[in-house]
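Quick notes on the structure that follows.
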(Lines give C-alpha, C1' and ligand atoms only; values in the text may rest on other atoms or scores of the structure.)
Protein backbone atom coordinates (compact mmCIF):
# COMPACT_ATOMS: atom_id res chain seq x y z
CA UNK A 1 0.00 0.00 0.00
CA UNK A 2 1.54 3.24 -1.14
CA UNK A 3 1.49 6.14 1.26
CA UNK A 4 2.55 9.66 0.42
CA UNK A 5 3.48 12.60 2.58
CA UNK A 6 4.93 16.03 1.92
CA UNK A 7 5.61 18.75 4.46
CA UNK A 8 6.73 22.22 3.41
CA UNK A 9 6.54 25.83 4.58
CA UNK A 10 3.10 27.43 4.29
CA UNK A 11 4.05 30.07 1.75
CA UNK A 12 2.65 30.84 -1.67
CA UNK A 13 6.15 30.35 -3.15
CA UNK A 14 5.85 26.65 -2.42
CA UNK A 15 2.35 26.26 -3.89
CA UNK A 16 3.76 24.83 -7.12
CA UNK A 17 6.10 22.51 -5.21
CA UNK A 18 3.22 21.06 -3.17
CA UNK A 19 1.14 20.54 -6.30
CA UNK A 20 4.03 19.03 -8.30
CA UNK A 21 5.03 16.62 -5.55
CA UNK A 22 1.49 15.38 -4.88
CA UNK A 23 0.70 15.12 -8.59
CA UNK A 24 3.76 12.97 -9.17
CA UNK A 25 2.54 10.51 -6.57
CA UNK A 26 -1.02 10.51 -7.94
CA UNK A 27 0.36 9.81 -11.41
CA UNK A 28 2.52 6.95 -10.13
CA UNK A 29 -0.57 5.48 -8.53
CA UNK A 30 -2.38 5.56 -11.85
CA UNK A 31 -4.90 8.32 -11.33
CA UNK A 32 -6.11 9.66 -14.67
CA UNK A 33 -4.70 13.01 -15.80
CA UNK A 34 -8.15 14.60 -15.80
CA UNK A 35 -8.71 13.62 -12.17
CA UNK A 36 -5.25 14.79 -11.18
CA UNK A 37 -6.24 18.18 -12.57
CA UNK A 38 -9.32 18.21 -10.33
CA UNK A 39 -7.29 17.27 -7.27
CA UNK A 40 -4.80 20.00 -8.14
CA UNK A 41 -7.56 22.57 -8.17
CA UNK A 42 -9.05 21.39 -4.86
CA UNK A 43 -5.63 21.29 -3.19
CA UNK A 44 -4.58 24.70 -4.53
CA UNK A 45 -7.75 26.30 -3.18
CA UNK A 46 -7.28 24.66 0.22
CA UNK A 47 -3.58 25.62 0.42
CA UNK A 48 -4.09 29.23 -0.61
CA UNK A 49 -6.78 29.59 2.08
CA UNK A 50 -4.45 28.08 4.69
CA UNK A 51 -1.60 30.43 3.73
CA UNK A 52 -3.93 33.43 3.70
CA UNK A 53 -6.49 32.83 6.45
CA UNK A 54 -5.28 30.05 8.74
CA UNK A 55 -1.72 31.37 9.12
CA UNK A 56 -2.43 34.96 7.95
CA UNK A 57 1.04 35.11 6.44
CA UNK A 58 2.75 33.99 9.66
CA UNK A 59 5.34 31.18 9.43
CA UNK A 60 3.93 27.69 9.55
CA UNK A 61 3.89 24.39 7.75
CA UNK A 62 1.41 22.37 5.76
CA UNK A 63 1.35 18.61 5.48
CA UNK A 64 -0.35 16.76 2.66
CA UNK A 65 -0.93 13.03 3.02
CA UNK A 66 -2.07 10.67 0.35
CA UNK A 67 -3.32 7.11 0.62
CA UNK A 68 -5.55 4.65 -1.20
CA UNK A 69 -8.41 2.77 0.43
CA UNK A 70 -10.58 -0.01 -0.97
CA UNK A 71 -8.19 -0.19 -3.97
CA UNK A 72 -10.14 2.57 -5.56
CA UNK A 73 -10.52 5.65 -3.42
CA UNK A 74 -7.74 8.22 -3.05
CA UNK A 75 -7.74 9.86 0.36
CA UNK A 76 -5.91 13.18 0.45
CA UNK A 77 -5.53 14.96 3.76
CA UNK A 78 -4.30 18.51 4.21
CA UNK A 79 -3.11 19.45 7.70
CA UNK A 80 -2.25 22.85 9.14
CA UNK A 81 -1.62 24.26 12.61
CA UNK A 82 -3.35 27.57 11.99
CA UNK A 83 -6.57 29.04 13.32
CA UNK A 84 -9.39 26.46 13.61
CA UNK A 85 -11.82 26.72 10.72
CA UNK A 86 -14.37 24.32 9.38
CA UNK A 87 -14.29 24.79 5.64
CA UNK A 88 -17.39 22.64 5.31
CA UNK A 89 -19.43 25.19 7.28
CA UNK A 90 -19.42 27.83 4.53
CA UNK A 91 -22.70 28.71 2.82
CA UNK A 92 -23.09 28.30 -0.92
CA UNK A 93 -21.76 31.35 -2.79
CA UNK A 94 -23.62 33.24 -5.49
CA UNK A 95 -22.90 31.50 -8.79
CA UNK A 96 -25.86 32.84 -10.70
CA UNK A 97 -25.70 36.61 -10.85
CA UNK A 98 -24.24 38.67 -13.68
CA UNK A 99 -21.25 40.95 -13.95
CA UNK A 100 -22.63 43.93 -12.05
CA UNK A 101 -23.98 41.98 -9.07
CA UNK A 102 -21.14 39.47 -8.80
CA UNK A 103 -18.87 39.99 -5.84
CA UNK A 104 -15.19 39.18 -6.05
CA UNK A 105 -14.06 36.14 -4.06
CA UNK A 106 -15.84 33.35 -2.29
CA UNK A 107 -15.41 30.64 -4.94
CA UNK A 108 -12.45 28.67 -3.55
CA UNK A 109 -14.23 26.31 -1.15
CA UNK A 110 -17.10 25.96 -3.61
CA UNK A 111 -14.66 24.71 -6.24
CA UNK A 112 -13.10 22.28 -3.75
CA UNK A 113 -16.53 20.76 -3.08
CA UNK A 114 -17.14 20.34 -6.78
CA UNK A 115 -13.80 18.71 -7.52
CA UNK A 116 -13.93 15.88 -4.98
CA UNK A 117 -16.34 13.11 -4.13
CA UNK A 118 -16.30 13.69 -0.38
CA UNK A 119 -15.00 16.50 1.80
CA UNK A 120 -14.65 16.12 5.56
CA UNK A 121 -13.24 18.56 8.11
CA UNK A 122 -11.99 17.65 11.54
CA UNK A 123 -9.88 19.26 14.24
CA UNK A 124 -7.12 16.92 15.46
CA UNK A 125 -5.11 18.24 18.43
CA UNK A 126 -4.00 21.69 17.37
CA UNK A 127 -4.36 20.94 13.68
CA UNK A 128 -7.04 21.40 11.03
CA UNK A 129 -7.43 18.29 8.90
CA UNK A 130 -9.29 18.53 5.62
CA UNK A 131 -9.95 15.16 4.01
CA UNK A 132 -10.73 14.87 0.32
CA UNK A 133 -11.80 11.60 -1.23
CA UNK A 134 -11.64 10.98 -4.96
CA UNK A 135 -12.63 7.68 -6.56
CA UNK A 136 -10.27 6.32 -9.16
CA UNK A 137 -12.82 4.67 -11.41
CA UNK A 138 -15.01 6.82 -13.56
CA UNK A 139 -18.37 5.32 -12.72
CA UNK A 140 -18.34 5.96 -9.02
CA UNK A 141 -16.72 9.30 -9.48
CA UNK A 142 -19.36 10.75 -11.73
CA UNK A 143 -22.30 9.57 -9.74
CA UNK A 144 -21.04 10.70 -6.36
CA UNK A 145 -19.92 13.96 -7.88
CA UNK A 146 -23.43 14.67 -8.96
CA UNK A 147 -24.58 14.06 -5.42
CA UNK A 148 -22.03 16.42 -3.95
CA UNK A 149 -22.84 19.09 -6.47
CA UNK A 150 -26.48 18.97 -5.74
CA UNK A 151 -25.83 19.28 -2.05
CA UNK A 152 -23.18 21.97 -2.24
CA UNK B 1 15.15 34.06 11.09
CA UNK B 2 13.93 32.00 8.17
CA UNK B 3 13.78 28.25 8.60
CA UNK B 4 13.00 25.78 5.87
CA UNK B 5 11.89 22.18 5.97
CA UNK B 6 10.69 19.70 3.41
CA UNK B 7 9.77 16.07 3.97
CA UNK B 8 8.94 13.74 1.09
CA UNK B 9 9.12 10.07 0.15
CA UNK B 10 12.63 8.74 -0.47
CA UNK B 11 12.14 7.92 -4.14
CA UNK B 12 14.00 9.05 -7.22
CA UNK B 13 10.71 10.39 -8.64
CA UNK B 14 10.77 13.11 -6.02
CA UNK B 15 14.41 14.09 -6.59
CA UNK B 16 13.38 17.07 -8.70
CA UNK B 17 10.71 18.10 -6.18
CA UNK B 18 13.24 18.12 -3.32
CA UNK B 19 15.70 20.17 -5.38
CA UNK B 20 13.03 22.62 -6.61
CA UNK B 21 11.59 23.20 -3.17
CA UNK B 22 14.97 23.76 -1.47
CA UNK B 23 16.22 25.95 -4.32
CA UNK B 24 13.19 28.19 -4.06
CA UNK B 25 13.95 28.81 -0.41
CA UNK B 26 17.65 29.42 -1.08
CA UNK B 27 16.73 31.91 -3.77
CA UNK B 28 14.29 33.73 -1.47
CA UNK B 29 17.10 34.00 1.06
CA UNK B 30 19.32 35.65 -1.51
CA UNK B 31 21.86 32.92 -2.20
CA UNK B 32 23.56 33.57 -5.56
CA UNK B 33 22.44 31.39 -8.48
CA UNK B 34 25.92 29.92 -8.87
CA UNK B 35 25.95 28.77 -5.25
CA UNK B 36 22.44 27.39 -5.51
CA UNK B 37 23.75 25.23 -8.35
CA UNK B 38 26.50 23.89 -6.08
CA UNK B 39 24.03 23.12 -3.31
CA UNK B 40 21.78 21.38 -5.83
CA UNK B 41 24.64 19.12 -6.86
CA UNK B 42 25.63 18.29 -3.27
CA UNK B 43 22.02 17.60 -2.28
CA UNK B 44 21.29 15.48 -5.36
CA UNK B 45 24.31 13.28 -4.66
CA UNK B 46 23.33 12.86 -1.02
CA UNK B 47 19.68 12.10 -1.85
CA UNK B 48 20.49 9.58 -4.57
CA UNK B 49 22.78 7.74 -2.15
CA UNK B 50 20.07 7.72 0.52
CA UNK B 51 17.47 6.33 -1.92
CA UNK B 52 19.91 3.74 -3.26
CA UNK B 53 22.05 2.69 -0.29
CA UNK B 54 20.42 3.86 2.96
CA UNK B 55 16.90 2.68 2.08
CA UNK B 56 17.90 0.24 -0.70
CA UNK B 57 14.67 1.06 -2.53
CA UNK B 58 12.49 0.34 0.53
CA UNK B 59 9.86 2.93 1.50
CA UNK B 60 11.09 5.74 3.66
CA UNK B 61 11.26 9.49 3.92
CA UNK B 62 13.92 12.15 3.67
CA UNK B 63 13.85 15.47 5.46
CA UNK B 64 15.84 18.49 4.32
CA UNK B 65 16.23 21.42 6.70
CA UNK B 66 17.62 24.82 5.89
CA UNK B 67 18.68 27.62 8.19
CA UNK B 68 21.02 30.58 8.26
CA UNK B 69 23.55 31.19 11.04
CA UNK B 70 25.76 34.21 11.64
CA UNK B 71 23.79 36.07 8.93
CA UNK B 72 26.04 34.51 6.39
CA UNK B 73 26.25 30.75 6.57
CA UNK B 74 23.58 28.49 5.12
CA UNK B 75 23.19 25.27 7.08
CA UNK B 76 21.51 22.49 5.13
CA UNK B 77 20.76 19.23 6.90
CA UNK B 78 19.63 16.04 5.22
CA UNK B 79 18.02 13.43 7.47
CA UNK B 80 17.10 9.83 6.72
CA UNK B 81 16.07 6.81 8.78
CA UNK B 82 18.01 4.30 6.73
CA UNK B 83 21.07 2.21 7.48
CA UNK B 84 23.72 4.11 9.48
CA UNK B 85 26.51 5.34 7.26
CA UNK B 86 29.14 8.02 7.77
CA UNK B 87 29.58 9.61 4.36
CA UNK B 88 32.60 11.50 5.67
CA UNK B 89 34.47 8.23 6.21
CA UNK B 90 34.92 7.46 2.52
CA UNK B 91 38.43 7.52 1.06
CA UNK B 92 39.29 9.88 -1.78
CA UNK B 93 38.37 8.34 -5.15
CA UNK B 94 40.63 8.14 -8.19
CA UNK B 95 40.26 11.40 -10.12
CA UNK B 96 43.54 11.18 -12.03
CA UNK B 97 43.55 8.11 -14.20
CA UNK B 98 42.57 7.94 -17.85
CA UNK B 99 39.74 6.26 -19.67
CA UNK B 100 40.99 2.68 -19.48
CA UNK B 101 41.83 2.69 -15.78
CA UNK B 102 38.88 4.76 -14.61
CA UNK B 103 36.27 2.81 -12.74
CA UNK B 104 32.61 3.70 -12.95
CA UNK B 105 31.10 5.28 -9.83
CA UNK B 106 32.50 6.59 -6.61
CA UNK B 107 32.32 10.30 -7.44
CA UNK B 108 29.13 11.32 -5.62
CA UNK B 109 30.48 11.96 -2.13
CA UNK B 110 33.64 13.47 -3.60
CA UNK B 111 31.51 16.03 -5.45
CA UNK B 112 29.54 16.80 -2.28
CA UNK B 113 32.79 17.59 -0.45
CA UNK B 114 33.86 19.91 -3.23
CA UNK B 115 30.59 21.81 -3.41
CA UNK B 116 30.26 22.83 0.23
CA UNK B 117 32.44 24.63 2.75
CA UNK B 118 31.92 22.12 5.55
CA UNK B 119 30.47 18.65 5.69
CA UNK B 120 29.61 16.96 9.00
CA UNK B 121 27.96 13.59 9.63
CA UNK B 122 26.23 12.57 12.83
CA UNK B 123 23.85 9.86 13.94
CA UNK B 124 20.85 11.27 15.84
CA UNK B 125 18.51 8.67 17.32
CA UNK B 126 17.71 6.35 14.46
CA UNK B 127 18.52 8.94 11.82
CA UNK B 128 21.53 9.85 9.72
CA UNK B 129 22.10 13.61 9.65
CA UNK B 130 24.37 15.09 7.03
CA UNK B 131 25.10 18.78 7.58
CA UNK B 132 26.36 20.95 4.75
CA UNK B 133 27.49 24.50 5.37
CA UNK B 134 27.80 27.04 2.58
CA UNK B 135 28.86 30.64 3.13
CA UNK B 136 26.81 33.27 1.37
CA UNK B 137 29.56 35.81 0.77
CA UNK B 138 32.09 35.06 -1.88
CA UNK B 139 35.24 35.79 0.09
CA UNK B 140 34.71 33.23 2.84
CA UNK B 141 33.31 30.73 0.45
CA UNK B 142 36.32 30.64 -1.85
CA UNK B 143 38.88 30.50 0.89
CA UNK B 144 37.21 27.76 2.91
CA UNK B 145 36.43 25.89 -0.26
CA UNK B 146 40.11 25.77 -1.07
CA UNK B 147 40.70 24.34 2.39
CA UNK B 148 38.12 21.62 1.96
CA UNK B 149 39.38 20.74 -1.45
CA UNK B 150 42.93 20.35 -0.25
CA UNK B 151 41.75 18.12 2.57
CA UNK B 152 39.27 16.08 0.56
CA UNK C 1 1.66 31.08 -17.28
CA UNK C 2 2.62 33.04 -20.37
CA UNK C 3 0.58 35.97 -21.61
CA UNK C 4 0.81 37.01 -25.23
CA UNK C 5 -0.71 40.41 -26.06
CA UNK C 6 -1.75 41.19 -29.63
CA UNK C 7 -3.39 44.46 -30.61
CA UNK C 8 -5.96 44.15 -33.39
CA UNK C 9 -8.07 46.93 -34.90
CA UNK C 10 -11.21 45.98 -32.96
CA UNK C 11 -9.71 44.73 -29.69
CA UNK C 12 -6.68 43.54 -27.77
CA UNK C 13 -6.21 39.77 -27.62
CA UNK C 14 -4.61 38.30 -24.48
CA UNK C 15 -3.63 34.69 -25.15
CA UNK C 16 -2.94 32.68 -22.01
CA UNK C 17 -0.64 29.66 -22.00
CA UNK C 18 -0.03 27.18 -19.18
CA UNK C 19 -1.48 27.41 -15.69
CA UNK C 20 -3.35 30.37 -14.23
CA UNK C 21 -2.94 29.62 -10.53
CA UNK C 22 -2.68 31.88 -7.49
CA UNK C 23 0.97 32.58 -8.29
CA UNK C 24 0.27 33.46 -11.92
CA UNK C 25 -2.88 35.56 -11.44
CA UNK C 26 -1.08 38.73 -10.24
CA UNK C 27 0.90 38.65 -13.49
CA UNK C 28 -2.40 38.78 -15.38
CA UNK C 29 -3.51 41.70 -13.19
CA UNK C 30 -0.36 43.66 -14.07
CA UNK C 31 -0.70 43.05 -17.80
CA UNK C 32 -4.38 43.99 -17.68
CA UNK C 33 -3.59 47.19 -15.73
CA UNK C 34 -1.04 48.13 -18.42
CA UNK C 35 -3.64 47.68 -21.14
CA UNK C 36 -6.20 49.79 -19.27
CA UNK C 37 -3.56 52.48 -18.76
CA UNK C 38 -2.91 52.43 -22.52
CA UNK C 39 -6.58 53.14 -23.10
CA UNK C 40 -7.59 49.69 -24.34
CA UNK C 41 -11.28 49.04 -23.66
CA UNK C 42 -12.12 45.86 -25.54
CA UNK C 43 -10.20 42.78 -24.43
CA UNK C 44 -10.51 39.26 -25.79
CA UNK C 45 -9.03 36.60 -23.54
CA UNK C 46 -8.09 33.51 -25.52
CA UNK C 47 -7.85 30.24 -23.56
CA UNK C 48 -6.72 27.94 -26.37
CA UNK C 49 -3.43 27.13 -24.61
CA UNK C 50 -4.53 27.45 -20.99
CA UNK C 51 -4.63 24.07 -19.29
CA UNK C 52 -5.58 25.06 -15.74
CA UNK C 53 -7.36 27.84 -13.88
CA UNK C 54 -8.18 28.26 -10.19
CA UNK C 55 -10.38 30.74 -8.35
CA UNK C 56 -7.53 33.27 -8.26
CA UNK C 57 -7.62 33.32 -12.07
CA UNK C 58 -11.39 33.71 -12.12
CA UNK C 59 -11.18 36.67 -9.72
CA UNK C 60 -8.57 38.39 -11.89
CA UNK C 61 -10.76 38.09 -14.95
CA UNK C 62 -13.86 39.26 -13.07
CA UNK C 63 -11.96 42.25 -11.64
CA UNK C 64 -10.83 43.27 -15.13
CA UNK C 65 -14.37 42.97 -16.50
CA UNK C 66 -15.75 45.09 -13.65
CA UNK C 67 -13.20 47.83 -14.34
CA UNK C 68 -14.02 47.79 -18.04
CA UNK C 69 -17.75 47.94 -17.43
CA UNK C 70 -17.31 51.24 -15.63
CA UNK C 71 -15.78 52.67 -18.80
CA UNK C 72 -18.12 51.11 -21.36
CA UNK C 73 -15.55 48.48 -22.33
CA UNK C 74 -15.90 44.70 -22.36
CA UNK C 75 -14.19 41.36 -21.85
CA UNK C 76 -14.90 38.56 -24.35
CA UNK C 77 -13.66 34.98 -23.99
CA UNK C 78 -12.64 32.51 -26.69
CA UNK C 79 -11.50 28.89 -26.95
CA UNK C 80 -12.80 27.78 -23.56
CA UNK C 81 -12.51 23.99 -23.36
CA UNK C 82 -11.70 21.05 -21.13
CA UNK C 83 -11.00 21.60 -17.44
CA UNK C 84 -10.88 25.38 -17.84
CA UNK C 85 -14.33 25.40 -19.41
CA UNK C 86 -15.58 23.22 -16.57
CA UNK C 87 -14.41 25.71 -13.94
CA UNK C 88 -16.17 28.53 -15.81
CA UNK C 89 -19.35 26.46 -16.00
CA UNK C 90 -19.38 25.38 -12.35
CA UNK C 91 -18.75 28.89 -11.07
CA UNK C 92 -21.40 30.40 -13.31
CA UNK C 93 -18.72 32.51 -15.00
CA UNK C 94 -19.87 31.17 -18.38
CA UNK C 95 -23.02 33.25 -17.88
CA UNK C 96 -21.16 36.46 -17.11
CA UNK C 97 -19.12 36.74 -20.31
CA UNK C 98 -19.72 36.52 -24.04
CA UNK C 99 -17.91 33.32 -25.15
CA UNK C 100 -16.88 32.43 -28.69
CA UNK C 101 -15.45 29.15 -29.94
CA UNK C 102 -12.59 30.80 -31.79
CA UNK C 103 -10.69 34.04 -31.33
CA UNK C 104 -11.56 35.12 -34.89
CA UNK C 105 -15.26 34.76 -34.11
CA UNK C 106 -14.82 36.99 -31.07
CA UNK C 107 -13.05 39.59 -33.21
CA UNK C 108 -15.70 39.36 -35.93
CA UNK C 109 -18.41 40.01 -33.34
CA UNK C 110 -17.03 43.49 -32.63
CA UNK D 1 17.08 17.14 -20.23
CA UNK D 2 16.59 17.19 -23.97
CA UNK D 3 18.88 15.30 -26.32
CA UNK D 4 19.18 16.40 -29.92
CA UNK D 5 20.93 13.91 -32.23
CA UNK D 6 22.46 15.15 -35.48
CA UNK D 7 24.35 12.86 -37.82
CA UNK D 8 27.27 14.53 -39.62
CA UNK D 9 29.67 12.92 -42.10
CA UNK D 10 32.49 12.56 -39.55
CA UNK D 11 30.51 11.91 -36.38
CA UNK D 12 27.21 11.99 -34.54
CA UNK D 13 26.58 15.10 -32.45
CA UNK D 14 24.51 14.70 -29.26
CA UNK D 15 23.47 18.16 -28.03
CA UNK D 16 22.29 18.18 -24.43
CA UNK D 17 19.88 20.81 -23.10
CA UNK D 18 18.80 21.41 -19.51
CA UNK D 19 19.79 19.30 -16.52
CA UNK D 20 21.58 15.95 -16.65
CA UNK D 21 20.66 14.61 -13.21
CA UNK D 22 20.10 11.08 -11.90
CA UNK D 23 16.61 11.05 -13.44
CA UNK D 24 17.81 12.22 -16.87
CA UNK D 25 20.96 10.08 -17.16
CA UNK D 26 19.13 6.84 -18.10
CA UNK D 27 17.60 8.71 -21.03
CA UNK D 28 21.13 9.50 -22.23
CA UNK D 29 22.05 5.82 -21.82
CA UNK D 30 19.15 4.75 -24.01
CA UNK D 31 19.93 7.25 -26.76
CA UNK D 32 23.61 6.27 -26.67
CA UNK D 33 22.72 2.57 -26.86
CA UNK D 34 20.58 3.28 -29.93
CA UNK D 35 23.49 5.05 -31.62
CA UNK D 36 25.88 2.17 -30.84
CA UNK D 37 23.31 -0.27 -32.23
CA UNK D 38 23.15 1.80 -35.40
CA UNK D 39 26.91 1.40 -35.80
CA UNK D 40 27.94 4.93 -34.84
CA UNK D 41 31.46 4.99 -33.43
CA UNK D 42 32.40 8.66 -33.18
CA UNK D 43 30.23 10.72 -30.87
CA UNK D 44 30.57 14.40 -30.09
CA UNK D 45 28.69 15.50 -26.98
CA UNK D 46 27.90 19.19 -27.10
CA UNK D 47 27.26 20.89 -23.75
CA UNK D 48 26.40 24.40 -25.03
CA UNK D 49 22.89 24.26 -23.55
CA UNK D 50 23.50 21.99 -20.55
CA UNK D 51 23.27 23.91 -17.33
CA UNK D 52 23.77 21.16 -14.76
CA UNK D 53 25.40 17.75 -14.47
CA UNK D 54 25.74 15.39 -11.51
CA UNK D 55 27.78 12.22 -11.00
CA UNK D 56 25.05 10.15 -12.67
CA UNK D 57 25.65 12.13 -15.86
CA UNK D 58 29.40 11.70 -15.61
CA UNK D 59 28.98 7.93 -15.23
CA UNK D 60 26.75 7.73 -18.29
CA UNK D 61 29.32 9.55 -20.40
CA UNK D 62 32.18 7.43 -19.05
CA UNK D 63 30.25 4.24 -19.70
CA UNK D 64 29.65 5.27 -23.31
CA UNK D 65 33.31 6.14 -23.81
CA UNK D 66 34.40 2.78 -22.38
CA UNK D 67 32.08 0.92 -24.75
CA UNK D 68 33.37 2.93 -27.71
CA UNK D 69 36.99 2.36 -26.78
CA UNK D 70 36.48 -1.37 -27.11
CA UNK D 71 35.44 -0.82 -30.71
CA UNK D 72 38.06 1.80 -31.71
CA UNK D 73 35.50 4.61 -31.45
CA UNK D 74 35.69 7.79 -29.40
CA UNK D 75 33.79 10.39 -27.44
CA UNK D 76 34.68 14.05 -27.92
CA UNK D 77 33.27 16.92 -25.89
CA UNK D 78 32.51 20.50 -26.94
CA UNK D 79 31.27 23.74 -25.37
CA UNK D 80 32.06 22.79 -21.78
CA UNK D 81 31.61 25.89 -19.63
CA UNK D 82 30.38 27.21 -16.29
CA UNK D 83 29.22 24.78 -13.60
CA UNK D 84 29.31 21.81 -15.98
CA UNK D 85 32.95 22.52 -16.84
CA UNK D 86 33.72 22.78 -13.13
CA UNK D 87 32.30 19.32 -12.44
CA UNK D 88 34.41 17.89 -15.26
CA UNK D 89 37.51 19.63 -13.89
CA UNK D 90 37.01 18.59 -10.26
CA UNK D 91 36.36 14.96 -11.16
CA UNK D 92 39.36 14.79 -13.48
CA UNK D 93 37.00 14.00 -16.37
CA UNK D 94 38.53 16.91 -18.31
CA UNK D 95 41.67 14.79 -18.59
CA UNK D 96 39.86 11.71 -19.92
CA UNK D 97 38.26 13.28 -23.01
CA UNK D 98 39.35 15.45 -25.93
CA UNK D 99 37.58 18.80 -25.39
CA UNK D 100 36.96 21.49 -27.99
CA UNK D 101 35.58 24.98 -27.47
CA UNK D 102 33.07 24.68 -30.28
CA UNK D 103 31.26 21.78 -31.88
CA UNK D 104 32.62 22.74 -35.32
CA UNK D 105 36.16 22.50 -33.97
CA UNK D 106 35.44 19.00 -32.69
CA UNK D 107 34.07 18.00 -36.10
CA UNK D 108 37.05 19.56 -37.90
CA UNK D 109 39.41 17.53 -35.74
CA UNK D 110 38.11 14.27 -37.17
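To keep things simple, chains are lettered A, B, C and D as they appear, and every chain counts its residues starting from 1.
Throughout what follows, a contact is a pair of C-beta atoms (placed from the backbone, for glycine too) under 8 Å apart; a residue touches a chain by one contact, two chains touch by 3 or more.
The model shown is predicted, which means the values in this text are computed figures rather than measured ones.
Each chain gets a centre from the mean of its Cα atoms; the one farthest from the centre of chain A is D. If you average the Cα atoms of chain B and of chain D, the two centres end up 26 Å apart.
Computed from the mean C-alpha positions, the centre of chain A lies at a distance of 44 Å from the centre of chain D.
Centroids built from CA atoms put chain B at 33 Å from chain A.
Within chain B, contacts with two or more other chains are made by residues 13.
Shared contact sites, meaning residues of chain C that touch two or more other chains, are absent. All chain pairs that touch, listed by label, are A-B, A-C, B-D.
Of all residues in chain A, those touching chain C in their complex are 12-13, 15-16, 19, 34, 37-38, 40-41, 44-45, 48, 94-100, 102, 104-105, 107-108, 110-111, 114. Interface of chain C with chain A (complex): residues 21-23, 51-52, 54-56, 58-59, 62-63, 65-66, 69, 83, 87, 90-92, 95-97.
Only residues 3-9, 13-14, 16-17, 20-21, 24-25, 28, 59, 61 of chain A touch chain B when the two sit together in their complex.
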